[in-house]
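A single structure is presented below for examination.
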Amino acid sequence: MPAYATNMRLKFPIVALILEIITIILFAVFVVYDDGEGHGHDGDHSNSTHHTPQEPMALYPMFQDVHVMIFIGFGFLMTFLKRYGFSSVGVNLLLAAFGLQWGLLMQGVWHLTDGKIKVSIFKIINADFSTATVLISFGAVLGKTSPVQLLIMTIMEITIFSINEHLVANVLGANDIGASMIIHAYGAYFGLAVARMLYRPGLRNGHENDGSVYHSDLFAMIGTVFLWMFWPSFNSAIADPGFTQLTAVINTYLSLAACVLSAYAISSLVEHKGKLDMVHIQNATLAGGVAVGTCADMNIGPFGAMLIGFVAGIISTLGFKYLTPILASNLGIQDTCGVHNLHGMPGILGGLAGIVAVALGKKKNCCLASSLGFALVGGAVTGLIMKLPFWGQPPDQNCFDDSIYWEVPEEEEENEESLAHADHSKNKAEV
Amino acid sequence: MPAYATNMRLKFPIVALILEIITIILFAVFVVYDDGEGHGHDGDHSNSTHHTPQEPMALYPMFQDVHVMIFIGFGFLMTFLKRYGFSSVGVNLLLAAFGLQWGLLMQGVWHLTDGKIKVSIFKIINADFSTATVLISFGAVLGKTSPVQLLIMTIMEITIFSINEHLVANVLGANDIGASMIIHAYGAYFGLAVARMLYRPGLRNGHENDGSVYHSDLFAMIGTVFLWMFWPSFNSAIADPGFTQLTAVINTYLSLAACVLSAYAISSLVEHKGKLDMVHIQNATLAGGVAVGTCADMNIGPFGAMLIGFVAGIISTLGFKYLTPILASNLGIQDTCGVHNLHGMPGILGGLAGIVAVALGKKKNCCLASSLGFALVGGAVTGLIMKLPFWGQPPDQNCFDDSIYWEVPEEEEENEESLAHADHSKNKAEV
Amino acid sequence: MPAYATNMRLKFPIVALILEIITIILFAVFVVYDDGEGHGHDGDHSNSTHHTPQEPMALYPMFQDVHVMIFIGFGFLMTFLKRYGFSSVGVNLLLAAFGLQWGLLMQGVWHLTDGKIKVSIFKIINADFSTATVLISFGAVLGKTSPVQLLIMTIMEITIFSINEHLVANVLGANDIGASMIIHAYGAYFGLAVARMLYRPGLRNGHENDGSVYHSDLFAMIGTVFLWMFWPSFNSAIADPGFTQLTAVINTYLSLAACVLSAYAISSLVEHKGKLDMVHIQNATLAGGVAVGTCADMNIGPFGAMLIGFVAGIISTLGFKYLTPILASNLGIQDTCGVHNLHGMPGILGGLAGIVAVALGKKKNCCLASSLGFALVGGAVTGLIMKLPFWGQPPDQNCFDDSIYWEVPEEEEENEESLAHADHSKNKAEV
């Protein structure tokens, strides 16, 4: 691949500007403020039918928690790579900022009121949710894709997500309050399918930049802890108000707490000399939030939630240790962040737990199958499109390196130090 | 300038202690808790006249979002400098902590109830707002001023701000809900006027510490992202409750999202090889929040908000690229953080958008003119006072360097490494 | 102490898994969701008797603020050590995740409804609070204890905390809304007693890793600022709704603001050349939140709160400067984070302020005495248990070093650089 192919000077600005202009035009035609009349909430969460209308701002604190998860949580979680922090948090911002606009349109189109999409706090929470699928998939291809490729993925993934969400929620009538299946499993398997299509034989033996340094691991913990803390909001934001919402909060709170213990225990058990591994701690401690998602608003009992989290922490940690290497070497799936372990398997676990938890098992089956089907087929097609040779994909040697798409400051101090050393050495040598 | 002039041992503690003691005495005389009786809200936001009184804690989640913007947002945004992070986040805390007390007094004095200032959540939100003006100006003079100088600036700037705010809101009756003009433009031009007064010819050719390192840019992104996420709260916190507040949230949410796309696109367009520049991403992505401020609670349509954000992202990025160097070289305005591009021009754009958006154009004209006038004159006078030679201003060579005002840890590892290298070199040399 | 004793491969996973399984079983037997019937709130905060029942989710935003303080605030505050960031934020997560489960059980056992603990937002706020005691004590022994030791401390400390809390609140009927005594002083003196038991003569002259580097101090400021911002929620979360809660917010907001000024002033006054010391700024700026705790919901006047904060900032800074070295050298109490200065003395100050503030002085006396008594005796006993030689305590030379319990990334760049230097030197030498 010739080096100039990664020069984004015209390609990226044109794509970004055109996408934004088209989006603004679509908003001008279709989108108005919610005025509290003629509500058409998403079918899967038709809380407007269950109770009196809420204050327009009632969900705003929940929204802000979810917002923090999307922009700080996902953004910083991916800064663990030593030379890819700008892209992690910066491209995360770009994709989520575009994705939430696109998600508002794609999700809204199924619920028009007088031909318009009425924006409410409920709708912007769902728009933020739709971007989560993209950010999960981003984790699978982190370091190996250009911003243009990722914008294309954003459009494709959110469009297909909205179709699947509409299908399972409104047509099949399945409930997935914390979105274990329709967001986490979908996002993970979509990303894995894309990663498979973009397989790079040249990275089979790893890459010197595909690892962390001490402080990059600490930056990543900012993401982990914010995701961990606000996950109860993620799983309860669009639940029915009152005690149902409380149940979703408590189940998620307890599932995550139990998950921490099992993730730490298994990390220590499988690692050299019983040491903890930051990759596990950064990710597997969150699996309890994913896995309890589908059941979050159900009466599974506090201990039931804890059991789900406990198992999720074990599965996720074992996945990082044993499954990720196998996926890479045998199936050609190079999953940079291990999203299969954090969102994929725990998402499926969550779907299965939901099937066990309720008599509505069949609907859930369909929901899980539909989400996985759309993810794998959609991801594969998207991956093929992204593979076209003019989207500025980085060559192998520039993977996991911000400097191909960003102005990166020279580490002057170190350079100066090097010079100082060199001079020093020279002096010594000359003596 | 003699070196001892920067020794803060007596100067700073005495100023800080005396200011705080005076403030406590003023609070003892004038300030009581809000007891829900005889409310006198700020005239520009007289929501108490429009609806029944709210619960005393109703605005508390909004307050906390604004609080995070002030202390984490502004504080970490300025940590981009490689050796000035302690001062950025630390002095930010100092100025904001003092400023909010001073702001409560200065803003409250116009709205006494029975001769007392009654502190409510509404009032502490406004107190936090008043500190934002100082933190914006701080950005313009970052790295070139002493804590004592900055405390003086805090007193002057908040006092003048409160006069201007009272004038435009209560006397002229203009509305500036998100404060594009009375906070952002005011803070920016005040800071620029101060920077002009403190012009340092010795920094014309830059300074080795006036730049970032890799991790300092990541710390700054913590500030950027928290500001970006919570800006909808900034622009809606004191809006009329209900659908008006919802409108302010949605307009800001969408303006910021559109702004990200244009800021990224233009950054890539104007930079070498189409690479993204962290300075643009850290700042210009926020211009949409500034620019939509004045119009935030108006019915400009979601697409109208997006247009404003889109244009703001372009103007702001171009400002960083082309205008900042001109201001420095031709006008003697050395704007460390580029606040002119993030708060100045987008603030004026916001004011102009407000003039276009409503028939009340004339009031807005006055509001914009008044804010700019007070900022420039007030900033110039303040700058002259700050220029007096006994406030501990750092000499040119110590600018942008924490170690002049902070105990800075030696980077032992590097030192040890240096020694190791030196020894190693020596051995080699001796062979 | 033999090196293998720190190998956690079996010890830690077994302890963690068994604890979690026992906890899940206890939850299965005792814990159900709150259904709004038969409320039995903690006796010390029996707000259900004062007013009509609240919405089940009314306290959720408050809960999330407290949650952020526990996991981000305490976690990052302790990352100031140059090589102990993984443990600070990682073990903080582990202890708090287990502690909140244990706290729910221990606190709930005093308030059973039909033999069950009914989990509400109120209960999980209190569960988070109970973990704060452990995290405070963790600060005293930071860097010198193994995860297994700390899990044991968590069980002991929360169990004893719950007994003391029940005694002072329900039996003695004392009020300590912001928990100056029952959380801060208790946690500090418990930790100091443990630290005394674990005294290490080998660390008398310090340890090369017991210090910060530039960026670790910035990570710590993330913790400081989040604690500072959300402390009003900590002190008001379980106050009576309405104006009482507002009072608690305003008192804490103002106390912290005044505390910043005095902490900065004294830090500059006592340090070399008037420079600010990051240790003071990171910690003493928070003392106002601790000290105003007991009085937070009382009508002490805004200036009264500021006075308390002002004094707390002075005492705390002076404690770091002068008392901590004395405690270490004369009493054998090696207090890594200086929790005596942040939580100990300000906590006692808060208790004393409470005694002065109300006629109920006698109850408060008992509250303070009880909290200190339980802390010192409980901490001493816990320290003795932790001293048993099979919990994997690190030898002196491995203190303050993540690499004993964590896989730590090699700093490849530096290594490469070293090699480059070495080669370079060699070439020079060979010339």
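So that you can tell them apart, the chains are marked A, B and C in the order they are listed, and the count of residues begins at 1 in each.
The rule is short, and it goes like this: a residue touches a chain if its C-beta (ideal position, glycine included) is under 8 Å from a C-beta of that chain, and two chains touch if they have at least 3 such contacts.
For clarity, every value in this text was computed on a predicted model and none was experimentally measured.
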Same-residue or different-residue interface between chain B and chain C, half as cut-off: different
Degree value of the rotation bringing chain A onto chain C, based on Cα positions, nearest 5: 120
Rounded Å distance, chain B centre to chain C centre (Cα mean): 32
Where chain C touches two or more other chains, by residue: 61, 215, 222, 421, 425, 428-429
Partner chain C, residues of chain A touching it in the complex: 61-62, 65, 82, 208, 211-215, 217-218, 221-222, 225-226, 228-230, 233, 241-243, 245-247, 249-250, 253-254, 256-258, 260-262, 264-266, 268-269, 271-278, 281, 285, 299, 301-303, 306-307, 310, 414, 418, 421-422, 425-426, 428-429
Complex contact set, residues of chain B against chain C: 7-14, 16-17, 19-21, 23-25, 27-28, 31-36, 55-57, 60-61, 64, 67-68, 71-72, 75-76, 79, 83, 85-86, 89-90, 93-94, 97-98, 100-101, 119-121, 124, 147, 215, 219, 222, 405-409, 411-413, 417, 420-421, 424-425, 428-429, 431
